[in-house]
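Have a look at this one.
Per-chain residue numbering starts at 1, and chain names A, B, C and D are given in the order in which the chains are listed.
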Amino acid sequence: MNNKKTTSIKRIALLTSGGDAPGMNAAIRSVVLAAHHYHIEVIGFYHGYNGLVCEEHIAMAEPLTLLKVNSIIHLGGTILKSARCQLMHEAKGLQLAADTLNDKNIDALVVIGGDGSFSGLLALQAYWSGQMIGIPGTIDNDLDGTDYTIGFATAVNTGIEAIDKIRDTADAFERIFIVELMGRHCGHITFNVGIACAAEQVLSFENFNANEQSSKLQQLATEITTAKKNRHSSYIIVIAENLWPGGAVELARQLHLQADIECTPCILGHIQRGGSPIAKDRILATKMGVAAVQALIDGESNIMVAEQNNAMNFITLDEAIKHKKVVSKQLIDAQQNILALTAQTQC
Amino acid sequence: MNNKKTTSIKRIALLTSGGDAPGMNAAIRSVVLAAHHYHIEVIGFYHGYNGLVCEEHIAMAEPLTLLKVNSIIHLGGTILKSARCQLMHEAKGLQLAADTLNDKNIDALVVIGGDGSFSGLLALQAYWSGQMIGIPGTIDNDLDGTDYTIGFATAVNTGIEAIDKIRDTADAFERIFIVELMGRHCGHITFNVGIACAAEQVLSFENFNANEQSSKLQQLATEITTAKKNRHSSYIIVIAENLWPGGAVELARQLHLQADIECTPCILGHIQRGGSPIAKDRILATKMGVAAVQALIDGESNIMVAEQNNAMNFITLDEAIKHKKVVSKQLIDAQQNILALTAQTQC
Amino acid sequence: MNNKKTTSIKRIALLTSGGDAPGMNAAIRSVVLAAHHYHIEVIGFYHGYNGLVCEEHIAMAEPLTLLKVNSIIHLGGTILKSARCQLMHEAKGLQLAADTLNDKNIDALVVIGGDGSFSGLLALQAYWSGQMIGIPGTIDNDLDGTDYTIGFATAVNTGIEAIDKIRDTADAFERIFIVELMGRHCGHITFNVGIACAAEQVLSFENFNANEQSSKLQQLATEITTAKKNRHSSYIIVIAENLWPGGAVELARQLHLQADIECTPCILGHIQRGGSPIAKDRILATKMGVAAVQALIDGESNIMVAEQNNAMNFITLDEAIKHKKVVSKQLIDAQQNILALTAQTQC
Amino acid sequence: MNNKKTTSIKRIALLTSGGDAPGMNAAIRSVVLAAHHYHIEVIGFYHGYNGLVCEEHIAMAEPLTLLKVNSIIHLGGTILKSARCQLMHEAKGLQLAADTLNDKNIDALVVIGGDGSFSGLLALQAYWSGQMIGIPGTIDNDLDGTDYTIGFATAVNTGIEAIDKIRDTADAFERIFIVELMGRHCGHITFNVGIACAAEQVLSFENFNANEQSSKLQQLATEITTAKKNRHSSYIIVIAENLWPGGAVELARQLHLQADIECTPCILGHIQRGGSPIAKDRILATKMGVAAVQALIDGESNIMVAEQNNAMNFITLDEAIKHKKVVSKQLIDAQQNILALTAQTQC
C-alpha cells in the first residue's frame, strides 16, 4: 500500500478463479455497480485466468452491464465461470495474460478467489503494470488478514443443515456417523460446523497429527465407548477432508476392525460449495466489491480487500497468502475442553 | 378386509420400524390424536420390533399422551426410535412379541414402516390374534397399492435441494457430476429427482440391466461426448444406489479409464432420509393416522392404509408387499424419450 | 376433444398469465424441450396476454431457444413475465390477439395460468382458429378436473415453513396467532397448510358462512378459552384471505374487544407466491409441458392438461373453469371432527 | 468488572427474557454444558422474570440436566419460554425475585435477553447480592459493546429468504413492493436485509427523520419514477417498523394518493423471529454460554458477555444498555451513496 496515488482508471477487468464460493456473484454485482457509479467500465473475463490466456476464452470477454448483474446477488456459483489454469504458472501464460490486458486497454484487474488465485496476481506483477486487487472468495476461510472470506458462512451453514438431517436418522437408530467436511487443509469449516451441529467429536488438523494416527484411533474408540455407555443417543464425528488417510470411509473401517464400533461414513462433498449465499456472504461480498473499486480509485494495488473487526480494510497480497489463517484458539478450546468432554458424561 | 367386524378396542400399540422417514412423527401424532378422540389409549413401543421382544426395550413402553405428541409434526426421524430386529424372523421372537402384546392388554398393533416391517406383521398373525394395521412409511415409495408412502416426497425434495447446490459448481466449471441417490432397488426417488433437477441422465433399474454394463458404459460415453460438444454447460447424471457395481465412484473411474471423461462422483447418503417433512408428507401422514384408527374401530385387520387417487383406502398387507410398486411409465417415457435426448442436442 | 385430428404444427406461441406460480418456469422449459424434440418452434410472448395485444409487448416476442430455458427449472416467478390484461375482455383486444398470432404464423397457443387466463382462451376461439391449450398454473389449486395445479404444492410448503417459524414465538410466549393465507376464494391452501402446521383452528370458506360471523366469533372465543384452560401452549388459527371482513387484523380486534382474547395477526402475503418450486411442482410442470405439446401434435384443442390419479389427462377448458374444485371432504372431516376437537382437550 | 474475585459457585439460575431470538436454546445448552463441566448445577426458571416472581411460574423451576438440553441447539424459540414481566419494574417484584433466588440457594443469575432484560438485572442489584451476568439474545442487534447479539444473523437471513420469494413476483409483474421489517428502533436488520436482498431503497431511522415525512415522500416518488423509467424491472423498498406513521400500508397508500404510484405492502412480522438458528447464531450462543460460566467462576458480576472482533469479552451491563448500538457508517454509505443511486440509473 506504499505506492498509493490517485488514479483515474477507466476500465476494470474482472474474473473469478479457483473453487467457486457462494457470494461470488454478489461480489461481481457490487464491483459492477460501484464501478458504474464512478463511470468506470467493467469487462468480465470467463473461466478464471483462462479468460486472459486462452484464445477461446478471451473471445468471450464482454462488458458487464448493470442489466447483466441486476438479478444475481442471490445466485450460487459464478456467472463468470471458474477454472484452474495451468498456464498461469508459466512465464508464457503470464505474458499472454499481460498482452490480453493491454490489448483490451485494462487499467486494473480485480480477481475474486483464494490463495492460488492471488499467487497468480503476484506472479503477474512482473509482466503487467496495471493495478491489481484481490477479493477473498473461498469457502475455506484460510486467507490471513481477513476475518472472513466470501462463501465461508454459507458453506458452514450448508454443512449444519445437512448434519441436522443426518442427526434425525442418527437419533432414530442411536447410531454413530462420521461426516467428512470440505476445507482443504484448514479446520475453519470443520470446527465451526462441528460446534454448530453439536458434534460429539471434531477431528481436524488443529487437534490431530498425522503421525499419531494409531493412538488417536485408540483414543477415539475409548471416548465413543464411554459416551455410548453413558447415554443412549446418537454420536456424530465431523472430520476434515485430507486429514485421515482414506477419509471418513477408512476411519469407519478401522473403528470397525480394531474396536468393533460400527459407524456410518458420509461425505458431504460438493453440496457445501453451492447454493444461494446467506445474508452474511451477500453483505460481505457487497461491501468488498465497493471497497475494491474505491481502493482502485485511490490508487491502491497489489492488495486484498479484508474485513477486520467488521470494517473494510486492506492488506498486501503477499501477506494474505504468506500464512494460512489459523482457527481461533478460543473456539478450539471451547470445543475440546468443554463440549467434547461433556459429550462423554452421563446424560 | 374380509374379517370386518365393529370392535371396541381400548388400547393400541404403536411402533416405527425399518429406515426412518420424514413424516413418521406426524403419523405418530395423528394416531394418538385420533385414538384420543375415540377414547382409545396408545402405548408407544421403542426401537421398532425390539420394543416388543427385548426386555430392555419392552421396559421403555409408555402411554403416548397428547402432550408427548403436541409438537412433533414438523420433526424428522421418529420419537419412537427405529431399528432392524433379527428376532422377528424367528418363531421365538414372534412368540415373545405376542406375549408382550398380551401382557400389556393390547387390542391392536399399528406399525409405521416399509415392506420388511409388514412382513413382520404378517408373520405375527400366527402368534397373536389382535388387529394389525400397517402405515406405509418409507422414503423408497416401493409399496404396491398406495400412490405415495410417507417420507417419499420429502426425500425427493431433499435430493433436488442438494443437486441444485451441486449444479452451481457444475455450471461454474462446466463439469460432469454423477450423483448417487437412495432408493434401495427401485427408481422412484431417482427418476423423480432426476426430472426435478433437470438431470441430463437418469440411470436406474428401470432403464438399465446389470448384464449390459459394458454396452451402457459405451452408450453413456457417447452421449456425454455428444452433449459436451453441443453445449457448454454442466452435465449431471443421477444414479440409483445398488445399481452400478461399485456405485457412482466406480462409474466415474470407468468413464475416466475407458473414455477419458472426467466426472465427479457424489453420494448424497443419509441427508436424504432426515429433515423436517414437507407439507405433503405431513398431510399424508396425518390422514393415514386418522384412517388407521378409524379402520381399527371398524374392525379391520391385516391391512395397510393406502392413498389412492388422493383418497384414503386400504389394501391387504399381503398385496402391499407382494410386488414392488413400479415407476410410472409416463414418467420414464418423458425422461428417456424427450428430456434425455434433448439434453444432447445443440443449445 | 371431439375435434381430434393429427396436425403438423410448426410454431407454438407460449405465454404465462395471471398470478405467477412456482413451477411456471419448469413448464416453460418443458414445452420448449418437448417442442424442440418434435422440431416445433416456440415463440415466447411477454407479460401475459399483453404480449399479444400491446404494441410495446408484442415487440418483445422471441423464439425460446434451448439455451434460454436451460437453467430455469428451479426458478420461481416466470421468465415470460405475467400481468392482467383488461383488453382481453373486449372484442377489440381479442381481435388484436388473433391478428398478432396470425402475423407471427402461430399454429397453436399454449397458456400457463388459471381460470381467468383460460376464459381468455375460450373467448379467443371466436377470433382465431389455431389450436389452443391451457396448462394449469396457479397456487390456488381451484381448477376443476385436475388433481393439482402447478405452484400449489410449493405455496402450501412455503406456508408451513413460515408458520413453523411463527410457532417458535407462539410456543415461547404461549400466545395466540391468527395467520392469513392466500387462496382467493378457495380453502385448498388454508386447509392443507392448517393440517400440515398443526393449526389448532382452520377457518375457511368450507366451514364458515359470511352471515354467521357473530355466532362464529362467539364459538371461536369459547373454543380458544377452553383450549387455553386445558393446555399451556401456543394456539394458531389459520384463516383464508377474503373470508373474514377486514381479515386477520379485524378478527384479532374483535376477539380482543368482545372476548378479551389477545391474538397477534400475521398476513403471509406474497412470500407464498414465489420461491424455488419444490420437486412436486417441477415434476408436474415438466409432465404437463410434454403432455401439452404431444396433445397439440395429436390435434387437440380447447383443452387443459390435467393430472388425474397421477397420470396425465385432458379436459375441456370449458369444464375446467365451470366450477371451482372443492376441497376434499375427507380432509375437512379429519381437520374439523378429529384434529380441531382434540386441540381443545386436556394435554 | 472491578469486583473480581474467584468464587466457588454451586448453583446458577438461568432464564430467557424479552422477545425470543433464534439461538437462545443454543445458549441455554451451552450454559448447562459448561456448568456441568465445572460441577455447577443449573436451575431453569420459566417465562422470563415471571419465573422468579409469580407463584405459578416459580413452581415450574427445575434442574436443567444434560438430557434436557441434549437436542436443542437447532431449535428456534426458547425451551425456558419467555414473557414480559411488569412486576420487575416495581420494588415489590424485585424483592420477590431476590427472595426466590435466596430460597433456591442460587449463587448466580444468568439472563439471556435484550436491554429491557438487562435493566431488570441492574435493578435487582439493590435487592440481591449474587453474581449476575447477561447474555445478549435479541434479533435487533441493538446492544452496545457487542458486535453481534444472538438471533440477529438468523433474523437477517430469514428476511432475505422471504424477500427473495417476493422478488419472484415483483420481477414477474415488474411491480413495486414495500416490505416492513422488524428491528424496533434500530436499522440493523433493515440495512443488512436491504443490502443482502438488493433492495432498491432502504428506509430506516438512520436515513430518515420523522419530521421530514412529506419531503421524503416526494423524494421517494421522484426516485421510484426515475428508476421505473430507466429500467423495466421490480423495485423493492425495505422499511423499518415504527418508522413511518402507519407503516408500510400507510406509505403505500400515500404513494398512491400523492404520486399515483402503485405499491404492494408486505409486513414480514413474526416469521423473522423464529426458525432454526443459522450456524453463526449457534456458534455465537455456544461461545457466549461457555464464556458466561467461566466469567462467573472468575468472580465477575454485573457484566454482559460480548463478542468483540470475533473474540469473547465482557462489558458492564450499565454500558451495554446506555446507548443503542449504531449501524455501521460504512454500511450505510455503501447503501445510500452507491447502491441506491445506481438503482435509479439506466439498466
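In this section, a residue touches a chain if its C-beta (ideal position, glycine included) is under 8 Å from a C-beta of that chain, and two chains touch if they have at least 3 such contacts.
None of the values given here were measured: they were computed from a predicted structure.
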Geometric centre distance via CA averages, chain B-chain A, whole Å: 36
Between chain A and chain C, centroid-to-centroid distance (C-alpha), Å: 40
Between chain A and chain D, centroid-to-centroid distance (C-alpha), Å: 28
In chain C, residues with contacts to at least two other chains: 164, 167, 171
Topology of the chain contact graph, where touching chains are joined (line, ring, star, complete, other): ring
Chains touching one another, given as label pairs in label order: A-B, A-D, B-C, C-D
Footprint of chain B on chain A - complex, ascending: 16, 19-20, 22, 75-78, 81-83, 158, 162, 164-169, 171-174, 177, 264, 266-275
Sites on chain A touched by chain D in the complex: 29, 33-34, 36-37, 65-67, 70-71, 73-74, 147, 153, 156-157, 159-160, 164, 167, 171, 192-193, 195-198, 231, 233, 276, 278-280, 282-283, 286-287, 290, 308-312, 328, 330-331, 334, 337-339, 341-342, 345-347
